Structure formats: structure tokens, C-alpha cells
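Listed after this line are the structures, all set down as C-alpha cells.
Both of the next two complexes hold chain A, though its partner changes from chain B to chain C.
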Partner chain A sequence: MIADFEYFAPKTVKEALSLLSQYKEAKIIAGGQSLLVVLKQRLFSPEYLIDIKGISALDYINYEEGKGLRIGALTPHRTIEKSPVIQKYFPVLSEMENNIATIQTRNWGTIGGNICHGDPAGDPAPVFIALKAKLKLASLGGERVIDMQEFSKDYLEVALDPGEMLSEIQIPKPAPHTGTAHDKLMVMKGDMGIIGAAVSIVLDSKGKCEDARIVLSNAASVPLRAGKAEKKLIGKVLNDALLAEAGELASAEADPPADVHGSAEYRREMVKVFVRRAAAKALERARAA
Partner chain B sequence: MTSKFSVIGQRVHNIDGTEKVTGSAKYTFDVVLPNMLYGKILRSPHPHAKILKIDTRQAKKLIGVKAVVTGKDTLGRKQGIWRRFPELCDEEILCRAKTRYIGDPVAAVAAIDEDTAEEALDLIEVEYEPLPAVFDPLEAIKEDAPQVHDGVELNININRHIEWGDVDEAFRKCDHIREDQFKCSSQAHVCMETHDAVASFGHNGKLTVWTSTQSSYYIQRLYADMLDMRESDIRVMNRHTGGGFGSKFELDSAQFCAAILSQKLCQPVKIVLTREEEFTATKRRTPMYYFLKLGAKKDGTLLAKEARVITEGGAYTAMGATALYLTGFFSSFPYKFPNYRYDGYRVYTNTEPSSAMRGFGAPQSTFCGESQLDMMAEDLGIDPIELRRKNGMTPDYEVPGQAFIQSCGLHQCLDKIEETIEKRGKLPPNHGIGVASYGFMSGGIFNWFNTPYAFSAAVVRINIDGKADVFTGACDIGQGSNTTLAMICAEELGIKLEDVRVFSGDTGICPPDLGAWGSRQTLMSGNAVKRAAAECKSQIMEFAAAKMGVNIVYDLDIKDGWIHIVNRPERGVSYYDIVKGAIRGKDGVAIMGRGHYTPHRKGMISPAYSFGVQAAEVAVDVETGRYKLVNVTTAHESGTVINPVGIEGQLEGAIMMAGGYGYCEDQPMDEGKILNPSIADYKLIRSLDMPETEILEIDTYEPEGPFGAKEAGEGLTNPTAGAIGNAVYKAVGVRINDLPITPEKVFKALKEKEKKKKAK
Partner chain C sequence: MKGELKELSLTINGKPYELKVKAMTLLVELLRNELKLTGTKVGCLDSACGACTVNIDGKAVRSCSVLALQANGRKVTTIEGVSDSDKLHPIQQAMIDHGAIECGFCTPGMVMSAKALLAENPNPTRDEIREAIQGNLCADEGYVKYIEAIEIAAKEMRGGK
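== the complex of A and B ==
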């Protein structure tokens, strides 16, 4: 059973921020799909709960040629999955969403809630990092924008200051010839990946790899960028052997957990496979772009 | 065949289907009574501990708390379904001196709401002295292992021996012998409705209970034992029940604690177990270590089999002794072994008790046996289906000294499956089809419970409007038995299905029936209902014959509410008119019929057996070990099919459950603590991962069953894990002998295989 708490349900960002500044130790709840589990297990017993799910102003998806994609923090997973704009410009996001939990969970859970929960097994964070996303954080003092990559601090810990909340995810328009893909190992569709990989590849006009991002889920205490694996690819004309090498390097960089769903050894092996698979798909997309 | 029936064989939806799909069906979970309190149970955090002291004072002081009880508030009796064998009744439910697994109950609270009750649990102080604990049965049978129950030598709870022929001599005559080891994992029931009960003691000392159960009668009788009451002062009602797979026919902690609390307060108390309690503190499928020896002649004749089994019993006997016996019996199934020997040992451990679960020991024996049979077929260079055909059971076969099999369609099933596989043609790379044969019982001939009643009984009452009310102690737990029994009654009486109402699982108004376990209700309860309906029919016919003034050599029958001369159907009278007249003629007494069924002279196991063969196709991703269940086709014979829709539902549910058993379901533990007690971490096959399923029904007729019917629900759980194991082997050449066959295990085996190949 969940321990008692005081509950607030602000309707505007301003209201939410003033509550946050008033109750420094308050916890924000959005869709609650991650938080309620933790509360029920009593891993965490907040005294104050600020429910921001009702702030409709933060439920939006905008795309502009110059600015790129803007997703409001309270946009439900299912909205992202089904958004025509996202399916057109960032199909990887829709594919990733389709494999998150069940439709019921996606209908109620929000993208911002997922990211702020800071679970290294989550899928959105690695994909956003691969897409060079930035996060807009709001507080009564004003707004700041940080790289998604800087956001995850540790297991279930993110870089939100007291009084601060996530308001928007910003994804720049990708460079020409960019391809991004995500894949994960699921025992059952919708599972948290035993291991997951998001890969983005940018090709130059000659078809050489100009930039690459490889980000893993469930491979460390935070979404993990496999820097050595990325370096292996940059500056080269890519082929299967190189992608396989990138997988090997990423596997060496990973420090995965061992739990009931898989041993650390198995996860390390699977990093090789999923980095290679996601990279191959990303490369195919980059070439087609 | 089916044309001779009007109702049986029709595709009908469950008679309570509308209520269920619209959400208006009321489960125990929904029961709310005036002045009702909510109970919660405090459970042992230690796998094995002495209880030194329990201080409930602070908990009792909490506002809203009405009562706190511990083992001291009970009579100190031990429950068990083994009423003929008191030494096997070993579960206090509320522990008095010692706890034996993480989850063993030590106290219970009743309060004005669940939150308060839960808060009170935190205020109960229990002083434990942790004792050394043992978790693995192979450890527990060692000389110096901790004792789970005092005075039980080597922690061996029970052993079972089955033998016929001359096994040692037969092995000497074999051309080829295989010895293999297997390990069968645990499995959680994961009923949609967790164990729950509302118990209400009146000031008159009588107890009324609403509960989710597979056997109202057992619960009533076990309450009577534990509370020292007369059983007729206890009314147990199973209304709609959200699933039961073997964990719901013994007295459980929700039922017992709710009653003890209610007895103290004379107020109704409701206890609903949480999902975590459901996973950690009820009962589960029995994990088993299997050692199999199989001997054959070159031509594939199986001469001898020997099975040795050690099972992880957990803390209490539960239904484990029957699982131990049945796994031994079904290890010989469905083949004609002239020589067979089985030795099984159930070992106490400090883990959640293992017990009955759909298949009752047979999914384990079938997985191991069918895996080994495929290995034998490969060794001998014989097609696996051919090997099964050569040795498979046939009608009118006697399992020496054990059982007599009347109807048996195994060979037709093998033919059908062979055709199906041929039709699928050449498979894509890394696909494989594996086959497993199975058989199962239609109700057990066991009376360890020592019931003095018939195994099944029913009353049928015909009302003035011609509608029939069936009263049966059978329990509809979602499997559709009320619909099956209504169809049997309607067919027997010659009336429409809508003309039948069923009152079931209520010990206050229904005659006792042992309940929904061991695949017994279609055959046993069905026979009882059929006989009760027949008794009504013969009374009606007396009036009809009088009214019609027929020649006494003519036969009368009823079809679609029309009573007629069999050879001249146009000559007849309305059933409804006759009933009206008959009741007037009987001085206003409704027409009543009684029927009962107890198997006699049918061997030691069951009055009838169902058979089938299943083919599972998998597609393996060799880089990850992850495989998909592509298709599961089952050739199945269950005698006359009462309701095809019901069988399809049973089949799909069984594949979901048995596929999970084969593929992903497990309850890993650390020092007796179950590590995945939530639906997020306990992996079940969900709708999106279900394979295509197909059922090929084989027409047989079982003389012992109502209208020729036999079981169709539980046996279907037996073959799938074995078929998956054989399919994975066919697909990629690795054999996994320990369940579940997870992607990680397949991956590791593939790596091993690669390594060996390189070494060569």
C-alpha cells in the first residue's frame, strides 16, 4: 500500500512551479506508470505529490523546418507513436514507442515522466540522445536548456534542481543523410529491453561516416554512450565488419546489471548483436535519406 | 455423430458470458456487506525461524483497528487435504511456534479499511530466532540438512513407488538404453482474481463465506476441521471465480484469517491477497529433478522405462503428494511400456509450498519423457512420430495393475499431426517443428480427503414453466462448467439451453461435489447432472404417456420441448403443457430428480483418459537465442465434444500457460525469497506473443462419460513444453533439458555447440 502524502493537482505550469518552490521535497507525478510502482513497493515515500498530468499546455508535438521537433513533456507515449509528423520525420521515435509496454500504459504514461524517472532500462532516453535532443527545464527563476545526455546522473537520478521541472524535449532537424534506428531484446513484446541500442549515423556527401552516436539501455546505471564504438565508425566508409567491431567495442564499454531477466554476461553478448543490428538499420536509412 | 444431439456439440457462448464481458458479474472481490471490515496478513520475512514473541499491543491501539489475531487465537490444528493421513496435514496457516518459508502467516489484522489494516501490520512486533534453512531438495535430503519439520527423516515428506513387469531383466534385453537428466522449474498460477474471502460469523455461531475457490465443499469441510464446527453450520459460496489452476482447493490464508477475525468480532471480514502475496504466499507448480532411463529394441519397441524423481516440496504437503504420484503414473504415458518402474520423493524445503497446478505433475513428466523420446528416435534413426505410433496406447488397454483405458484416439491424433506437418512443407531456416504426445485423466479416483459423499451429486428441479434448475456443488472457475452442465441437462431433458439455470458451488443449497480439479467436472459432475435430469424426465414421461394414451411398447422421447413417439415424431404433446399438468397432478410438488456419480471398478487413477498430440513450430534467432512460437497445432480427442467454443478457449488458455512454462515462466529465488513477485517481472505470454493455434478434434466416444464426453481442459497443458524443446532442437540442434527454455539458455547452448564444432 502507498504511504500517505499530500496531493496537489495544478492546472498550469506557473501553478506547478510555485508549488514546487514552496514544497522543495515534493515529488512530481505525471502519468504515474513508473512512479506508482516505486510507491507501491515503498521504495520511496514522498510527503507531497504534485500531479502535473492535468497541465494540458504541455501536451503538444510541433515541427518546424528551421527549429526541428518540440515535444511537450506531458505528451502521452501513444500520441508520439501515432503522430503523423513524427512518423514522417522521426520514424525511429514511433517505432521505439510501439515497443514500450502495453497500449494501456502508453495511453496514460507521458514522455517527460519516462525521462525524469531516470531508469537506465528505459528506451526513450537513448533514442533522444542519439537524436541529439535537448531538454527545456523550467523553474520560477526561469528556463534553462541542457543536453539530454547531461540529464541522467545515476540509477533513477536526473539533473533536475529543486523547484525545477521538465517542460519540453527539443530535437534538432537532423543533418542530411542521417539515419537513426533502435532495437532491443524483448522476451515478450513491450518488455523493457534486456539490452537496447539506439544508433544514429550521419554520412557525408561521399558516403563516409561523418558522425555517429551509439547509446545503450540497460547496460550501465545511466543511458550509456559507447564512445569508443562511435569513434571506430567516424571517418570511415562503413561495412558489416566495422559495424560488428563497433558492437564488440560497445560491449567492452558496457557494465550491464545481472538480474532475473538476464546475466551480465548474456547482456554483454547481446550488446554486440543489437549495436550491430541497430547500426546496420541506421546506415541503411542514412543511405536512403 | 453430432446430429443425434440437439444441444451437445453446438457452438455456444458461456451462459454467464454477457455478465462477465459487461463487468456486471460479481466476484468475491466485489462483495461488500454492512459493517464489513478489511483484513491484512503479516508474514514471515525469514525462510525458517522460531517465533519467540509477538507483541500486538501497539497495533491494537491504532484507531480503526478492530482485532489482531495470531496463532494463539486458533485451535492449533493443522490443515491438509489428506484427511485420511493425518501426518500429512501439516499446515497451521497461522504459525504458532515456527515459520517455514518467507510468506508463512504469523498474524492478521481486521480494521475499518485496508490502509489502516496495513498500517497496523507495521506495528506488530515479532521476535524471531532465525534458523538454518534449506532450499534445494538435493541439499535437503543430506544427513546434516536443517529439519523443516521435526521428526521427518531426511526431510522426505513422502515417497511413491510404481512398478510393473521386470524392469531390470527388460533393460538387459534392450539394444539401446538412454539415461538423461532433466530439471522442471516452478510456475505461478497468476489467477486474475487473487485468493480472497469474505467471512461472516453471525452471533448464532454460524459461518458464511464468499470465496474464490475450486471446491466449496472442501473449504467447508476444512473450515469445520480447523474451527471445530459442524460442517452444516458453515456455508461456503463460490460465485464467479477469476481463475483457478490448482491453488484454490485447499483452505488458504485469506479464508482462514478472515474467519478467525470474524469469529472474534461477529462482523464480516474481507481479505484479498495482493498480487505479491499471490506470487509468494500461496501455492505453485512443483519443481522437479527428473532422472530417466529408457530402453528400446533396434526396431523402436520400447521395452522398459525407469523414472526417478525428486521434487521441491516447499514448506508443507499441500497437494504435493498427489502431484508426486501422478507425475510417476503419467511418466509412462501415453505408451505401452511392458516394464516400468518409478520412484519419487517429495522433499520439504524452506520455500513456498508447491502443489497442484493444471496438469498435476504431468506437464513435468511429459516434458522430460517426450524430450527423451525424441532423443531415442534420433539414436535409433526412427522418425519420432513413427516411434510414438509403434508404442502408443490403443483402446481397451490396461496399464498393468494401474488403470484401464477404454476410449483412446492417440493413433488418429498422430496421423492428423503427421498430415499437418507434411502440409507445412519445407520450413525456412532456423525453424523447427517439435511433437509431443500426451494423455490425461478425466477426474481422479482418489479419496484421501475421506469424503463420505458421492464424488459428484446434482439435483434437477423442473418448475411450472418448464424451466429446469440444476443444483450442483461443481465450481465454475471460468472454465465454463456451468455451461457444460446446463448443456448436458438440456440435452437429457430435450429442452433448450435457455430453459436451464445453474446454481453451483454453494454448500448451502447444492449437494456436495468434490469440485473443479483433476479434470473431473465434465465427466463426474456431468454424469450426476445427466442422471438427475433423467430422473425428472422419467417422471414427466409417466404423465405424458398417460395423457397420450400410447401403446406401452412405444418409446417416448423429448426433443426441443416436444414429447413424442420415437418412431412417429409428429405424434406428441408439448413438454411445457405436460409439466404444468404434472405438477398439478403431484399435488403441487415440483418435479425433482437426483443424480450422483462415484467411480467404481475403474482402477486406481481415473475412470477415463483423454489423449492428444501437439506440434509446435518455432523460429529461432540464432544470434540471441530468442525464439518465436510460430504455430501450435493440437490433435485432440476428448470423447464427445460438449461445447466446441469451450474447448477452443481451453486450448488457447492452455497454450498460453504451457507455452509460458516452456518458454519463460519461472520463479527464481535467493535464499528462499522469490525475486520476481510482480507481473512486470514474472513473464507471461501475452496476446501479442501468442502463436497461431489450431485444434484438430478427433471423434471418439467414451462409454463412461456423459454422452461419451471426457476431460478437455487440463491435459492440454501437458505437451507444449516438450513440443517446444523438440522444436528448438529440430530448428537449431540444441537440446535444453532444464525448464524454462529461455533465450539465454538457447544462446549459451548454441555457443557451446559452436565451440565444440571448432574444437573438432
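== the complex of A and C ==
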């Protein structure tokens, strides 16, 4: 089925990084839920595979009042979905995870693998961007931290340098009166979104929208921030008409693909619907926060 | 080196194995082709159908989407390891008694998903059962009886309560 490769199973981050620096063309495998599909189709056949799934030090979820949330790259989707801390402080992450694939895939696939796969249809990246997440990238030379938003470069391309791996996702503590929501169009629960929207809204003490983030999946070659739609909301007391206008603007900013699941035109229509829905839910949460 | 056999030590159905496999071997290929544990089925080989579901360390996973070497040091349970020698597991018995099994091809995967669910959650709601077998396609449309059978098995496993 799969072409053979040389296989390494480092047990620590340091070992993994040494191997990555030694074998420049090596590919990382975490849960393999995305990578094995590619290898089975022989779209790509790596010479060296570095299996990081066994590095248990990168499987963690930590929350501290001051620092916010830290998720290790090798944390399985299902652990995030079921985490009491995440359900309490970032329910949107648990809801988003619950709509990814099926339990079997969520049990083995990792959050880091999802993000590093760089699929613009993926759900976590838009939600992380809405939550202002940063990524910690590690190499033998040291660590750097970049905005999630800067990470996606193109379809299946991310800003990892040779020798680098993702080690952690960092989410700051949201400002007071922040609400975040995610929704996507699925034929069946667990499908990749035909279109998806993550929206975060911050209200000031008078109830005016102080900040907004609107991020779309499967609407461009990378997770797409709908800047014009965000601007429409900022500084205003929000109502349904404004949320609908934001949907219209986001739709105009989208450049969605056309495939068997929907034409570009259909997707643009659905952007309107899903931005409005996610924004309404985010607003409701911001008001309740 | 490429092509070289790699050592793999794992527990399958309670039995320790020391094996040598090619790195590109999928877990399902090891189970079915090397170990002749053919109860685990292959429907799509593409992580779409769930017929190849096994339990790794107690959790439901698709064995077509895991490298055999990734199970190193772990505990794998397949459909062959579910019954207590001749006595069927309550999940299997309930599926038979309740007429849940039609052609039977998806059944091993259904049992493995149900087993992982009940290990974690002995008293699941209907929705939780639905979610647990959402990743197991049944081409005979037999979901309702599977759901009911899992409910019956759960009750039996809780001692009738």
C-alpha cells in the first residue's frame, strides 16, 4: 500500500529535533490521520518518517489565570473535546472538536497535526485565529513564537522551517465580555466543512463592539480573515442587521473553491449564513460573559 | 534502513507479541495479513467506514489509519479478544438476540466502538451511543437495532440496573 521508508520513533522533543536536523527531507508523522491518506495514495513518499506520536511530554492541556491556555501539539482531538478546563473557559474549542470527523479519528489524531497539515478546510485554525492564538515552534536552534494567523501560507503549506516542529498552541485569556463561536456547513456531522466560520466578539463596558474577528474555513487557500466584515462591527452597538451585513461583506471577501460539495457561488451564499449564525452566537456569549 | 524489518512489541488481546515488521505496514495489515486475525474487516482502507475499528489502550481507533509500529508498547484489542473464551461478550450477545446483525460486515467495528464507549461510560444516553457508532457505516441501514442492542448490553453489564 504505502512505499517503505526509514522509520524513527523518538521519545523526547530533543531527540525528535536532532533527527529533524540530521534528516532534512524527513517527514513528521503524529496521528497520521491526514498524512497516511496522502501516503496511501502515493501522492508523496518520504524517505524518512519521524514518528512523534509517542512523545508524551507534548500531550497536555494547562490553564492558568494569568497566562491563558496552553495545549501541547500532540494532544488528541478527543482530549481537547472532553477537557473540563476547555469546556469551562473555551467552550467553542470543545464544540469545534466535537464536529471533527468521528470518535476514532479524534482519539488518534492530534491538534498539532491538524494545524501543520495546513488544510484551509480545517476547523481548528480559524477558531484559534479568532482566539488570537500563538504557536510555539521548536528547532535545535531554539524556539520561536508566531501568530497562528501567520502560520498558514498556502494550500497545505505552513510556515515551518526545515528542522522545525510545532510544540505548543498558546491562547491568551480573553478580554472581559468576549464571546466566541464556530459553525460549519456539513452534509453529515463530522464532515469537513463545506464552509465554516469562527467569530469572536469583544464588547466594551457600554455594550459596544470593541473588537471582532471573523475567520472562514474553506473560503480561500488559507484560513481567511474577513477584515472588512470585522470593521463593519467594531465601534457599533450590534444588532441582527449589522451581523447580516458582516455576512455579506465576508462573502464578498471569500474566494472559495468549487467542488463536488458545492459551487463557489453556493459557498459564497453559505458564508453569509454561517457568519451571521456564528456572530449571533458569539454576541450572545459576549453579552452573557 | 529502508526495507529493513523493525522490532515491534505490543499486546494483542491480552497476549504479548514480539514481532518484526516493515515500517510501512498498517496496523490492519499486520492484524489480518500477518497474524490472520481476520475478524477486523477492511471496507475502504481510507478512514471512511470504520469496519477496521479496534481498541488501542481502550480507545476506538481505525486500524487502517495507524502504522503497526505506532502500536509499539500499547494494548490492542480486536474482535477476537472481546469474548471470554466460549462465552460471548454482552455486547455481542445483545446484538445477536436483538437482531442487530444483518450482513455482519460492519459488526466487528460496531462492537469495538461500543466496547470503548461502555468502558468509559457505563450508562450512556442514546445520543452518546449514536455518537460512538457514528464512525461505523452500516450499508444495511441497521443502526436503530445496534443502538438498542448497545443499550441492552449496557444495562446487562451494569447488573440489570
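Throughout what follows, the second predicted complex is superposed on the first by the 289 of 289 C-alpha atoms of A that agree within 3 Å, B and C clash if a C-alpha of one lies under 4 Å from a C-alpha of the other, contacts with A are read in each partner's own complex, and residues count from 1 in each chain.
Here is the rule we go by: a contact is a pair of C-beta atoms (placed from the backbone, for glycine too) under 8 Å apart; a residue touches a chain by one contact, two chains touch by 3 or more.
Here the structure is a predicted model, which means the values were calculated and not measured.
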Which superposed partner A:Tyr266 touches (first chain B, second chain C, both, neither): first
Which of chain B and chain C A:Trp108 touches, first, second, both or neither: second
Partner touching more residues of chain A, whether chain B or chain C: C
Partner chain(s) touched by A:Ala9 [first = chain B, second = chain C, both, neither]: second
First (chain B), second (chain C), both or neither touched by A:Gly190: both
First (chain B), second (chain C), both or neither touched by A:Gln33: second
Touched partner set for A:Ser205, first chain B, second chain C, both or neither: neither
Common interface residues of chain A - those touching chain B in one complex and chain C in the other: 1, 4, 37, 102, 189-190
Contact set on chain A toward chain B in their complex: 1, 4, 37, 102, 185-191, 259-263, 266, 269-270, 273
Interface residues, chain C side, partner chain A - complex: 1-4, 6, 22-24, 26, 29, 45-47, 50, 53, 56, 59-62, 65-67, 69-70, 72-73, 113, 116, 131-132, 134-135
List of chain A residues in touch with chain C within their complex: 1-7, 9, 29, 32-33, 36-37, 39-40, 47, 49, 51, 53-54, 78, 101-105, 107-108, 189-190
Interface residues, chain B side, partner chain A - complex: 114-115, 118, 623-624, 626, 664, 668, 675-676, 678, 680-681, 683-686, 688-689, 742-744, 747-748
